[in-house]
Amino acid sequence: MKHIGVADTTFARVDMGGFAVDELRKTGTGFKTERYTVPGVKDLPVAAKKLIEERGCDVVIALGMPGSKQIDKTCAHEASTGLIQVQLQTNAHVIEVFVHEDEAKDDKELAWLAERRAREHAVNAYDLVFRPERLEANAGKGLRQGFDDAGSIQ
Amino acid sequence: MKHIGVADTTFARVDMGGFAVDELRKTGTGFKTERYTVPGVKDLPVAAKKLIEERGCDVVIALGMPGSKQIDKTCAHEASTGLIQVQLQTNAHVIEVFVHEDEAKDDKELAWLAERRAREHAVNAYDLVFRPERLEANAGKGLRQGFDDAGSIQ
Amino acid sequence: MKHIGVADTTFARVDMGGFAVDELRKTGTGFKTERYTVPGVKDLPVAAKKLIEERGCDVVIALGMPGSKQIDKTCAHEASTGLIQVQLQTNAHVIEVFVHEDEAKDDKELAWLAERRAREHAVNAYDLVFRPERLEANAGKGLRQGFDDAGSIQ
Amino acid sequence: MKHIGVADTTFARVDMGGFAVDELRKTGTGFKTERYTVPGVKDLPVAAKKLIEERGCDVVIALGMPGSKQIDKTCAHEASTGLIQVQLQTNAHVIEVFVHEDEAKDDKELAWLAERRAREHAVNAYDLVFRPERLEANAGKGLRQGFDDAGSIQ
Amino acid sequence: MKHIGVADTTFARVDMGGFAVDELRKTGTGFKTERYTVPGVKDLPVAAKKLIEERGCDVVIALGMPGSKQIDKTCAHEASTGLIQVQLQTNAHVIEVFVHEDEAKDDKELAWLAERRAREHAVNAYDLVFRPERLEANAGKGLRQGFDDAGSIQ
């Protein structure tokens, strides 16, 4: 039985973690999910590390929704740097699912984007653990999560 | 008995650490607080680490008030990066409570903002240790500390 | 028998990992390649570390194609920082092969650039393991991968 | 007997380390100072670490004077990041005393600023080791080193 | 017998490593040099670490010539950050000798600058190992490597 961690925030304006858990359940079996909610994205790195080291997760999905101001961009950068460090300290993947508020033109698109990106990256996390050959088959295919795929130019 | 560390600075123009300690006392029992004051935000990471490793804290609230110039923004970024590293080295949460001088329109609002953010994040620190289910119940609710909540768009 | 890791992404719009593997085969013998495909460049650091520590690679080629927006530049910077950390944690070289979408004037040039840079850096990875004297002989020669060499000005 | 390290550079245009040592002697007793001079600010992190680990320092004052160009700002940022890492690796404080050339309107003010900031931070380093209660009493007081204090707004 | 490492790149347009080795030989005896050439500046951190840990170097001179575009500035920043990490992991100095292409007005000045900075920093590396008192005597003297010294303003 594998464990998939889902770390998310009270700062996000959409229940991204809930969508990730729902999509994982639709995608396959053989795992249980562990949920961990923190205030903001800068709290996600240690939450991911604790999910891996204290709650036995094999992979973690870390979801957040940084704001549109410069200070929010800086926070997101610090959080991302921490999420990479966690992976190098644990040799486990942590899939970052960040949706920046200014990626969308209004709240409706933002909610749509957050759900779709959360769902698509949940499948990526599943694939890293259960079917890595599916990722290798898509190497260089220009895949995107949320908005449409860019596609191959080869 | 849990220990909650409160690290703050002589640089800040408001006794943010004092407000955090006061709010913790109003919020619950079962813990004692450890105070550690340093000159500026770049001294907070090692103070937080020492609170955890040398004084047995289970969680730390790190409070600071970076100035409004570019150099201050850079200092805050360096401090934030260090605070994340501390968490990954100790597997303990360090809640960063930074109020940037240019977030407020005047000194009065700045003082108000610093107090309110310190108090609201003190509750977050308490929740991480004593009632994590309260955070999970608020996942994706668009919560903010200081200014008004953004709210859910789901 | 040496092991050369090839880590790449489904985000890239060209099968850069495939070109690297092909070029390695044309360059020499005495090694086998290990392929590892992840969603995006920020997933490359832990993939490189796992290739080295779990699959015995002596060197890794990490290939990606960051987009042209500011957020993509930030992602690439975070990934690069992580790739350097991996090297310092393992004492093994990880050759970063990133092609930024805005380096090329159109998709055709982008595809050409991605292939050529992947191939030329594959040879660098081979040289680091099998013939370091070839690199030393080219010290200060203004070599480039992808576009033309800048050349020596001595 | 405590040890206080003083790390400085040949790049600075003022003998900041000399002022720090002088101020420490005026401030108290019960310690000896260890001096370590390096070329530039990017050499300070390892100098600070060696002062702590190889020469037994309990705290280090790291002094430098970055130039006014963008590249100098970047160097200072890298050095600051390193100084924070040193502290997290050793659990010892390293007080950074940087004076940026463009903080002052001319050389005369720059020399004055460098001396005053070096002296005031030397006292902070002393306080961290010998009288931390003095720092706690000044929490939130808006203290500055070099230019005038900003003061409390509470 | 001490060992001095010289790490350089095939990307640089001047044989900076060659100048460093030549200057070391003119400066003193009691050491041997170890050369290590890599493709670009981002490969220098692990090269420096391997020189220290696998080839017994007491100090390393890491030389590179970043380009003038923003992406080159970012690469240099990542490399510099890595070089500082190497020092903190090994407690050995790594003297960074970077010459940015846009520091010089033309290729002729660039070649002159690269040689002079390489030579002057080679002496700094020698001094850190063999005569640190020479650096201490120059604390705060406003020394520069390459262009003219700024001088003291005290």
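As written, the chains take the letters A, B, C, D and E, and residue 1 is the first residue of each chain.
Rule of thumb we're sticking to: a contact is a pair of C-beta atoms (placed from the backbone, for glycine too) under 8 Å apart; a residue touches a chain by one contact, two chains touch by 3 or more.
What you are looking at is a predicted structure, and each value in this text was computed from that prediction instead of being measured.
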Starting at chain A, what is the smallest number of hops through touching chains needed to reach chain E? 2
In contact with chain D and with chain E at once: which chains are those? Just list them. none
Approximately how many whole Å separate the CA-defined centres of chain C and chain E? 25
Whole-angstrom distance, CA centroid of chain C to CA centroid of chain D, is 40
Could you list which residues of chain B touch at least two other chains? 81, 85
Considering only which chains touch which, label the overall pattern as line, ring, star, complete or other. ring
Ring topology as an ordered chain list, initiated at chain B and continued via chain D: B, D, E, C, A
Where on chain C does chain A make contact in their complex? 8-18, 35-39, 42-43, 45-46, 49-50, 53-54, 71, 74-75, 78-79, 81-82, 85-86, 89, 107-108, 110-111
Contacting residues of chain A [partner chain C, same complex]: 73, 77, 80-81, 83-85, 87-88, 91-96, 100, 121, 124, 128, 132, 135-136, 138-145, 150-154
